[in-house]
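Below are two complexes that have chain A in common, paired first with chain B and then with chain C.
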Partner chain A sequence: MISKYVESASSFAGDIDHLIWLVTVIVGFWFFLAEGVLFYFILRYTAQDGVKGQYITGEDPKQKRWVAWPHYLTLLFDVWIIIAAITVWQHVKQAMPQADSTVRIIAQQWAWTFVHPGPDGKLDTPDDIKLVDELHVEKGKTYHFELQSRDVLHSFSVPVFRLKQDAIPGRTIRGWFKATMAGGFDIQCTEICGIGHALMPARILIENHEDQAAWVMSKSPAAAATGGTP
Partner chain B sequence: MYRMKKSHAPALAGLIFIMPLVSACHPDGARPTLSGAELYDSSCKQCHGATGQGQLGITTPAIAGQAAWYVEGQLVKFRTGVRGAHPEDYDGLRMRPMSQQLMNVAEVKAVSAYVATLKPRKQPTTLQGGDATAGAGHYGVCLACHGPDGKGNELLKAPSLVGQHDWYLFSQLKKFKAGVRGKHPKDLTGGQMQPMSMTLVDDQAIKNVLAHISTLSK
Partner chain C sequence: MSSSSTATAQAPEAEHDAHGHGHGHDAHGGHHAPQSFFHKYLYSTDHKIIGMQYLFTGMFMALIGGFTVYAFRMQMAFPGMSVPGYGRVSAGDYNALVTTHGSVMIFWVAMPVLIAALGNYLIPLMIGCDDMVFPRLNRLSYQIFLLSVIVLIASFFVDGGAFGGAWTSYPPLSAKAQYNLTPLGAPMCLTAVALEFAAFLMGGINFVTTVMNSRAPGMKMFDVPIVIWSIIIASILFMASVGPLIAGAIMLLFDQTLGTAFFDPNKGGDPVLWQHLFWFFGHPEVYVVLLPAMGIVAEVIVTFSRKKLFAYKTVLYTMVGTGVISFFVWAHHQFVAGIDPRMANIFSVTTLLVSIPVAEMVFVYIATLYGGSIRLTTPMLWALAFIAEFLLGGVTGIYLGSSGADIYFHDTYFVLAHFHYTFFPIAFIAVFAALTYWFPKMFGRYMNEAWGKVHFWGTIIAFNFIFIPLFLLGARGDHRRIYDYTHFPDLMKPGMQDLRVLATVSLVVLLCFQVIFVVNYFLSMVRGPKASANPWKANTLEWAAPSPPPHGNFPDGLPTVHRGPYEYSHPDRQEDYWPQNAS
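On to the complex of A and B.
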């Protein structure tokens, strides 16, 4: 249902959506139930002429049930949410599937630099492709990313992937994603990082195999030398 | 003592729900026209300082007293990605989104005119080991565009070097030499500066010429 409003473009987006939906339904159920009981009591027991207020000590088991039963049920639902959350966390953040390729993501005030492997498929070689505010990935490929920050805390967020990961200066944080839908989507910084925080959007361009291969070749040193691309 | 009537309770509950929404409304959506000073105050002051002297701590240059045509030209370059879009240009990448806060050409012109009214100041020397006498010789190449007094030349689109921090000029010369600045095909003046920077063969030559430029800032 969430993907009706924000497209779902990664292999684990559905897991995150399911978790959000589960929490929303459980919390929503208890919220509306509690509010309903609260307003019912407000109306039912509004002060009336000739009726003296009663002081409730909380010792009567019949009255305590109104607190105790919801309490036990809430704990039960909490355990349900925690188990679901840990399962998703393990899948998305802890387990690292085998990578087909690796990209480096460097955050700074207020831009993103994306380092893509060149035709050799490896980072830290002369054919690396460095782009500002533009990340190119191939649909169906599993990517590892190395997230770094040049200055302050940032957070790399791709809403269509349901991916969000803090970038911390001095550390390289590794994660993964697998794009499942071709197209161009937003990348945001979701950690307040200074006066220009709102002004550091970027784009992720998810391409099929042929387009990705053509793009990599167009950015290769040989293509640049022949003036193929700026 | 006040006792709430039963019939008032739903109305009160509704009011409590509506009130936060009312506070979120803003009846006047019109954007006021900002002056150059107001624009500077909201967008530039935090990094370049109230008097436009720049800050070493966050590596922002002095812009006080820089000619309006130059400030405007650089802002346009930043806004259009001609400058400050290279992956290795850390400071330029910070300036680019800031320049894009200006909404239109009128705001660019207004803030540029304001910056030109700020008074330049002689900046303290931070680079050691520069030989001003040797640098005077190197400056012969710079002199053609930036002038013997270092105050720039509008016809040649060369900015003033007077009142600028030596560490900033050093970093920019290094960027020009490395192709981090002045490499964009549409950066005509940057493209002119790039080969000029190559005449300074090493860091010592850069320090020498900066030592000479600091003698002009009087």
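On to the complex of A and C.
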């Protein structure tokens, strides 16, 4: 449903889309049923000359069951949705699968800084690759991210991943993703952060293994010259 | 008890000796001569005048809220254009306009109109007494509210302009001028909100006390009309939830002006604390305005379907249930805000559970229509439209309460469309139902029915054409509070800008149709055909008073209540209604 308009580019995007589809089917059924009954009653019971309204208190259990049964059913459907929602939530936000690599994402008014680990695969070494408003990741690899903010709240959102996480100054918030589709997509800031809030577009570039390796080499002249030791 | 006996003694002619009655009625003391215009309309303690002061102030603020949305929606549809009547919208202007729209519509339109205006006007009339228990407190409440309006409007014109950090005012953005660039606008906006809450606290105390003490003789708890119950439950919710926010607002004000660090992470504070305090109030607040709207709809649909309300007690209990659950759902606004992810599971459960009493209310209203004799007058159209539109707002909330789906939808236009499908029915559709339904009572005249229907259809159709496109845009990834999408290639795919233009054009149409309402409303006050005391043949006590009710409400003495408020089409009666006070 969502993937018809927004590419599905992470391992969990499909799970979230499926949850959205499930909710749509369930609430869609209730929505159209309720609207249908509402409009039917309006048309069926329009005032007619000489026909008085019926006197129904709604206190008798025989009458009450007309709202009680739909009521119990909504509870049942709610439980279904809750189970599905929490399952997806735990997979995306609570569980942290083993990482192949880690990137650091630093938000500030009004730019993103992405710190890539460089050829040694580790952060906080001199070969780290720092880029503004451009995040490079490899397709099929599981990444952890460390999300930080230098000033106010921001939110790291990648619609094609169906991923969103607020950044809070003074904290490092961890999460994960695994890209499943090569290409370039928008990164958004989805928490209002001042007058430049609309000016924080960044791009995520998802590359195949070879392209990623070539990019890492091209960004590490020192590494290329000395054979990898800083 | 004692108050109702007080009230009995207080036919308007006897007002001058009201000094002996205690219970705050001393405010009536000593007007022998006809009151001056100032005392009658601007400095009155009469609940009806105070209700109208709130109503007209709310209407005026709705003009501001409407103008701001016009300006920023034009910028989104046509980036960079010079908006007619405003000029070019800069990024800073855009944030200030969005913030002002949100704050004004919630705090200065929905709250004053639904709770303060209707509560003040209806409570004494519908429970059959002559005024509020604390009339002077009531007057003070409006005066403080007016002060809050003045502070807010002044903040538009100070150096740096109005605050632009969203109505939620999340720190650190709201806490430091170096981040928000509005050194005066931010504290003024917060001060205005705090003043307004003080005003509504006084109103809430008054409402609850009045209904508990001053009901007409014979009116038992289950004879109180649902709209009055809904305002009482809403007032209790408001009073119970607002404390943490007032505390938080003062802490934030100190952070802004005195350099304290309650929410400053660099000095040991925590910005997420504000979010908890804000939403602990902010979510019950949704139900504070929803319940009175639901109450209005109940009154209107029973009157125009000539039916007894289906399961009165169930409606009452679901309202209480909604109120109680609403205190345990606040963190669903914070699923991705950096809270412990395990907490989201609990709040996802409570959030979906709140759908049950609300759904029950909607089922009951639909069941009330069964077997009725439905008259599609203008107020009835509004009330039915409330149910039809609110349903969509309600069911789309399920997506957002489902934590897994909220990861994608959070802070997108899907959220925005969802809550406008709840708040627009609450603050406008239900309010139009109320204003048209009680118009003959308030002003003793009818509104023009044909123009009323033109206004209805123009508003309802345009409303759907604004927000259905926004649901689609949200599902396609449009995030909120962005003044120009052209920087985002994925959000400029074919058709997306067309949807933004469609929403904006529909908004302009909707705003134009409001002119019809304003003209019809104010012209009908002086030109409309005269209305009798009970033009709709309704049961509740306000229709026992003359239209418009004089000071003191019931010149022939206070009514005595013999039955519940919804005895329509009773089999033992020739007529299809049975007023509560008829013997």
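What we mean here is this: the second predicted complex is superposed on the first by the 216 of 230 C-alpha atoms of A that agree within 3 Å, B and C clash if a C-alpha of one lies under 4 Å from a C-alpha of the other, contacts with A are read in each partner's own complex, and residues count from 1 in each chain.
We take it that a contact is a pair of C-beta atoms (placed from the backbone, for glycine too) under 8 Å apart; a residue touches a chain by one contact, two chains touch by 3 or more.
Everything quoted here is computed from the prediction, not taken from an experiment.
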After lining both complexes up on chain A, report clash or fit for chain B versus chain C.
clash
In the overlaid three-chain picture, which partner chain does A:L131 touch, first (chain B) or second (chain C), both, or neither?
first
May I ask you to decide whether A:Q148 touches chain B, chain C, both, or neither, giving the answer as first, second, both or neither?
neither
With both complexes superposed on chain A, which partner does A:T113 reach: first (chain B), second (chain C), both or neither?
first
Of the partners chain B and chain C, which touch A:D15 in the superposed model: first, second, both, neither?
second
With the two complexes superposed on chain A, say which partner A:L199 touches: chain B (first), chain C (second), both, or neither.
both
Looking at A:I42 after the superposition, I want to know if it touches chain B, chain C, both of them or none. Which is it: first, second, both, neither?
both
In the overlay, work out which of chain B or chain C sits against more residues of chain A.
C
Under the stated touch criterion, which partner chain does A:Q212 make contact with: chain B (first), chain C (second), both, or neither?
neither
Which stretch of chain C would you flag for clashing with chain B, going by 422-430, 458-466, 512-520 or 566-574?
458-466
Contact residues common to both interfaces of chain A (with chain B and with chain C):
39, 42, 46-47, 109, 195-196, 199
Per the contact definition, I'd like the list of chain C residues that touch chain A in the complex.
90-92, 94-95, 164-166, 170-173, 179-181, 265-266, 271-272, 305-314, 335-338, 341-342, 344-345, 348-349, 352-353, 355-356, 359-360, 362-364, 366-376, 384, 387-388, 391-392, 395-396, 398-399, 401-405, 407-408, 410-412, 475-477, 479-485, 487-491, 493, 568-571, 576
Residue ranges of chain A in contact with chain B within the complex
39, 42-43, 46-47, 49, 108-111, 113, 115, 130-132, 150, 195-196, 199-200, 230
Taking the complex as given, what residues does chain B use to touch chain A?
3-6, 9, 13, 46-47, 85-87, 90, 93-94, 96-98, 100-101, 185
The chain A residues in contact with chain C across the complex are 1-2, 5-6, 15-16, 19-20, 23-24, 26-28, 30-31, 34-35, 37-39, 41-42, 45-48, 51-59, 63-64, 66-67, 70-71, 74-75, 78, 81-82, 84-90, 92-94, 109, 151-153, 155, 157, 159-160, 162-171, 173, 185-186, 188-199, 201
